[in-house]
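These notes concern the structure reproduced below.
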């Protein structure tokens, strides 16, 4: 049986989302949830993996509630989680502008933006909570941008028609994360959180069908240890680094969620990847990561390529009538402001035609000449100065004089561990929050919604729902290091690392990562085809086999060893990549960030097939290289009725 | 509370700033007094005598002077002790140097520590020379004008004094501005003004003090 | 480009370290400094040598993980983080010295990696506003004048990289500590803990073994985020104010 011969198992059903009017469901769920007596909370230990917006806020809040929290991050400080790099802003349905925004509109926009592949109940709850997040962050001292009257400023973002995005210059993620980090720090100082920085989760401990702990490695000493708890929360972020080049941090990885998947948690919609249109193009083979330029640049910049193929004149020498402002041409009403997926794909198309610019022809111009003429250089500088500086630093080109070059890059993964309304995975006691879960963004995430979801999950949703699990599931017997299951998981982890160290081949871990990343970018990137995905599915097991034969990891496991860390992460990418391709192959429709060339309208737009694919695909692991089992969660749209998106 | 203040880096810095400012104030007065030497022995010696009778009849002879001396000694000791302790802490905080060295900060900033030591030694010599006369052959109590002329008639007297006054200028230049920062008096809008005041103070003090040996050397004062 | 690198190598916290010399060739001026080190490490691994350990993560200049002293300058010759420094800032044939942050409060873990957890403990001592989740009033209940909000933001930009400590001849953490104090103390939300925050954070800073400030200004020159030296003045002011107020209680 080959990997693509997957079986379809029992559908997954979200048993936690209450019935009834959508705006009452969250209240109802909170009321129905059992509570843990405050005096007993201290006796419950909760493990939280990751300290980004979701993990940081969850750890702080659970500790405030009185739980004993044991928290982990691979960085040297919880303050460095990659949420810190988010630039644009955070959405909230405050309607401070009186411009017609409401919870329902944010809910509607998110479901529609996600191309009708998200769960309505979750998205509505997200929109409801969005307003509380802003209150919470302001109380913590997050220095949001303000107007002269002292009230909060907002801007419109990502082509949305209302101004609901709160921001702190181009560093909103940083400021929100520091707010959560500070709340976390307060709890660490109070002794309510046991913080383990530079410690990476390597496996999940499941005893009697319930998540009871993790195996983690101290990255400084190399010591592998087991940690036990009554519940485990994964807030380890997305898996965009499967592509090698992405806007993720270098060490962001999929190990925590992949290991949980291997232990029984279903992985939902793995192929839903967001490719952000405005990133700085790569400059050569040495490129280690890609840098995002805020989407807001498209508000004033005009995107174009030369009309002629292989036109290598400098941009300023190409006359106006020989330029193709292709977004304005194809989408006259939205122009340069079309959603991310559409802008990305259009850039890929013109580059595939041979009209791309810059090294390797992998880029398009984002031109501010008209904006500078219209608004004046000063106004452009005030609005985008820091982005222009960043661009100039990286490319050594002055965007005030020469058009920027941009190209799409992997940015966010909408897929992740399948969770129910309580954010619980299919393993009881294992929760997944933030980008690590799949729940709220469907097939495409709107700008400024990632921060909103991370904080909603961490500050408000999980701390309410985890009570119910802990209250209903008293653990009869404690688990300790002597438990046979624990010993087995620990031994497996040690064996895996020892095997990596013993291969002693002739290729670096990075070279394999790059190879699988390039394969994924080509066949499971912006446009996917049946034949391409099959090619990738054929190649991935070969790379995996070669990896275990030829990888070279220097040093030992009993020391600070960054090559070993990297190699272990690549092991998981090499398995996850396969599942992503299979998911992309099985979903024979185009939706959001998932574009199947076979499924497009006559004018080249993504065509959804709701009769066949209006479900979330949750995959069950059956073994490395073994066909997984597909479980479908049917998506029911009671409030927002699916329509084909049109931006022409 | 006093204990916590003294134990804190910022507390010791505050002590340094306040004691430094007290000494600076004294130096300005001292420098102005010194300039009387250009108006002849009569005026200068009279001024020196007056210093001992300030505050009479409320104060007894030399009481005021001793009060000033006590405050000054306290300031010097506080300044030196906190400087010593802070320096030790600083050196402990950065035990290993960079292999790749490069010049850092301004001259005035880098010379604060050794400049301070030089000034400390100078004060000792200066008192032994012109107050007690211990190291001053032919010292005549009550005749400061002549004693000053004697000191600056020797080459070493001039060298010691002028070197110390240059060190003083550098010390005051960074010290005054630093004290303002330590006491939280600096601000973005005030920074230029503070730096200018520091420069002017440093220059005036150095020039004013050095004027005396120069006057003796050139024969203007004899 | 062809370069000679002299890199601090130290097996672990207890081992002695020394500078080792490496030649790298085929370096593109478009590479970031860390990509240049990646190139070196790939070669070292293939030659069976231990690659150079260095901290890095986001490579966008915001996480604050990267931390190299390059030719005596924290983060190298440009005012940015090491990850945003590009090889075009160097000449073909250059010899480049690469060292870890040096301060007794930042002990070396391996090669160029140091332990900066002292910064976390300074924040834990009071670098927060006590606002448990759920207790927050409506965001617009307390307007914040725009100049105050901007002032807070300017100081909140600190990425906690530690360049200020590395550059300071006294190994002082004043700029780091003051940035957080200024950020929180200017906001109305931060007012109730204004005094305890500054007193506790400064005490923790001393406790960690950081040096004192002699206002050399090296920290502000090295800061990739442009936290101004005047930030320290603001902290001093807050500290004196808090000392007076608390002594009256």
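Note that the chains are named A, B and C in the order they appear, and that numbering of residues resets to 1 at the start of each chain.
In the analysis below, a residue touches a chain if its C-beta (ideal position, glycine included) is under 8 Å from a C-beta of that chain, and two chains touch if they have at least 3 such contacts.
From a predicted model like this one, the values you see are computed outputs, not experimental measurements.
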Maximum centroid distance from subunit A, chain identifier (CA atoms): B
Chain centroid nearest the full-protein CA centroid: C
Interchain centroid distance [CA atoms averaged], subunit A/subunit B, Å: 63
Euclidean distance of C-alpha centroids - subunit B vs subunit C, Å: 37
Inter-centroid spacing, subunit C versus subunit A (mean Cα positions, whole Å): 27
In the complex, subunit C residues that touch subunit A: 11-12, 28-32, 34-35, 38-39, 42, 44-46, 48-51, 53, 55-65, 78, 80, 84, 86, 88, 109-110, 113, 115-117, 119-120, 123-125, 127-140, 142-146, 149-150, 152-153, 156-157, 159-160, 183-184, 187, 189-190
Residues of subunit C that touch subunit B when the two form their complex: 6, 8, 19, 69, 71-73, 97, 99, 102-105, 168-172, 202-203, 205-206, 209-218, 228, 230, 232-241, 243, 246-247
Parts of subunit B lying in touch with subunit C, wherever the complex brings them together: 1, 4-5, 7-14, 86, 89-102, 104-106, 109-110, 112, 174, 177-178, 180-188, 191
Subunit A - residues contacting subunit C, complex: 57, 60-61, 64, 75-80, 82, 84-85, 94, 96, 132, 134-141, 143-152, 168-169, 171, 174-175, 178, 181-183, 185-186, 188-189, 197, 220, 247, 249-252, 283-284, 286-289, 291-292, 390, 393-396, 459-460, 463, 506, 508, 510-511, 552-555, 559-560, 562-563
